[in-house]
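Chains here go by letter, A, B and C, matching the order in which they are written, and residues are numbered from 1 within each.
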């Protein structure tokens, strides 16, 4: 059990209003940690702080520390941090270009690859890892905007894999998808955890129970409970956790 | 006093409003009709491509066309990069603070300064202080400052119309801010920026007051050789022949007005068609 | 290297952003410098209260009261034409015209902005001026009245488009509420929409005024350019802008006359600055609705 991410006393604010209150939590290497909780409980803020996307918002401020492999992420360059910590958004956001260009966009900008043969191989490998290769191998050069929602979301996964990060953050990745597409995304998550560490924020309690190793329950900006997924769902220690997962509120 | 029923008063008011709308539209159509009707006969290939003769009472208007073209192109080349950069700053980098509000206020006021005051400023700074003389470049610099607020505003709207999510997606992959702007935001905002630029070209082609003392000459018998030459300009030429020259044949004045109007209108139409085309073919 | 580039770019765009401020300050200070050197020899109060503008005869007299009166008269006249017609057409286009026609009407109104002001001046000279002369039996049709007509139509697109935006930006709940209470659509428009859109409409009028005060070529060609305090709207007049445009060519660079024209420019700058500032305030108000 190696801790990939250690969060220590993290508090976050939007316009001085506290949305995340002195949070301390660890993410273990190669696990899927899911974060559940009702709306406005600070889940997404937590996730967006892990790769410092929230720092883009001028009204955002924070206190505390987050360590990635023992290194404080607030001391490293934002771009290199985001290269190591990829993020999948709630809605699929393909960039307005072809499938192929979507994959090679970031590696090219980051200067990871140059040779044409390497690029082709990278595109194929990333799409295969995101189980999208068979769907799109014949139309790599058509616009990514024309694909179905589920395909777009898997393309976004492939795009992240292409920069070979260490951690992948999933922000309610299935909220806009149908059950079949959701199953496919969940399937890829389970495969991905062999190589990557995954943090999954979800509104869907059942999804958390299906895919995650450990689950954390957030409420009103506070971490209420974190435990092995089996434990948390079978015998939650806190009353509020029980209330939420049994559907009494939220 | 007679009280009209609500239904009837609604009907009467609608008719009144409709007539007001007609009144707002008719003058421009009348102006265009008059110019086309009286000017069409003067237009010929020779009129467009030869020099003026007999104290401008006959011959063509080639130097005025070339002069206007030269001034306007120089002005756009100067103002476009500055305007787009300023728009990028305001839309992508600027925080919502006092300085930003001052910049926005400055842009609003720059847009409101009378064109003749720009002419004064251009005369004082470019013609006299920088000793550029009455020349294409002095006129172009003057026009470019005058066009700056328009370019900034339209470019900013174009940048703003690119969905925020594209920026987030790009940044989340570790791509830097400038690379995101350069490879995602700018290409997608380009149609809007181009349309705005073409429209502003149309607008400054018809401006007279700013070039009155900075670039325009009463009569130059040859075409400009460098950007430091004085030139004839179409709007100024029209002013001269319609007010300063006695016994000016009317059809030449109308013809000149027609050329100027068609130049401005056709550039505007190109911009409008471009806008419609790009909207239809938008990638997102 | 990437970070370095980002830093350079950020600096460049910041400088370009600041240029707008630089230009406004530069224009103002330049006018101020020339204007102040003029006011050293001629008092400012006399400049704006004296009605005699004899910049090149002896004795010299630099009073712009007649020019200010000319500008104000033409502007007022233009507003009397443009404001009612403009606001009414804005209402019609925004709320009454069928959807398909709306954009066409709007573009037709905006077409006026595409006509260069010299062209408008020329057309005014050959149509409105003789017409005014004949109808009102005047010695000359070159008058404030003719100028007002043409300028009114030049200000129309500004007033119509900005008012129309303001009217359209009123949330539809306002209308629904009134209609639900049994008011006719016209009553809802007049009592509620027009009132709610008022800040935007005032801003539109201010910007229209700004446009008219700053207009140069058309005004110079139509209003007769007589520098005296007008007694009626049918008198020929001369505006501040026309004075600058007409006389700058003849002045000795750096001379008193030259400087006096910059002083007029300064007055114009200040007037339009205030007008636009007020318009901007009202526009801001409309957004917070």
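The rule we apply is simple: contacts are C-beta pairs under 8 Å (C-beta built on N, C-alpha and C of every residue); 3 or more make two chains touch, one makes a residue touch a chain.
For clarity, every value in this text was computed on a predicted model and none was experimentally measured.
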| item | value |
| --- | --- |
| Chain at maximum distance from subunit A, centres defined as averaged CA atoms | C |
| Closest chain to global C-alpha mean, per-chain Cα centroids | B |
| Mean-CA-position distance for subunit C and subunit A (Å) | 55 |
| Geometric centre distance via CA averages, subunit C-subunit B, whole Å | 17 |
| Rounded Å distance between subunit A and subunit B, as computed from the means of their C-alpha atoms | 48 |
| Residues of subunit B engaged with two or more neighbouring chains | 176, 179 |
| In subunit C, residues with contacts to at least two other chains | 2-3 |
| Multi-chain contact residues (two or more partners), subunit A | 79 |
| Sites on subunit A touched by subunit B in the complex | 51, 53, 56, 58, 79-84, 86-87, 89, 91, 93, 95-97, 105-106, 109-110, 143, 145, 156, 159-160, 163 |
| Subunit C residues within the subunit B interface of the complex | 2-3, 5-6, 9-10, 12-21, 23-24, 26-27, 30-31, 34, 84-86, 88-89, 91-93, 96-97, 105, 107-109, 111-123, 125-127, 153, 156, 160, 183-187, 190, 207, 210, 213-217, 221, 241, 244-245, 248-249, 253, 261-262, 265, 268-269, 272-273, 275-277, 279-280 |
| Complex contact set, residues of subunit B against subunit A | 95-96, 165-166, 168-176, 179, 183-184, 188, 283-284 |
| Complex contacts: residues of subunit B adjacent to subunit C | 6-7, 9-10, 13-14, 16-18, 20-21, 23-25, 27-29, 31-32, 34-35, 81-83, 85-86, 88-90, 92-94, 102-103, 105-121, 123-125, 128, 145, 148-149, 152, 176-179, 202-203, 205-209, 212-213, 235-236, 238-239, 242-243, 250, 253, 257, 260-261, 264-265, 268, 272 |
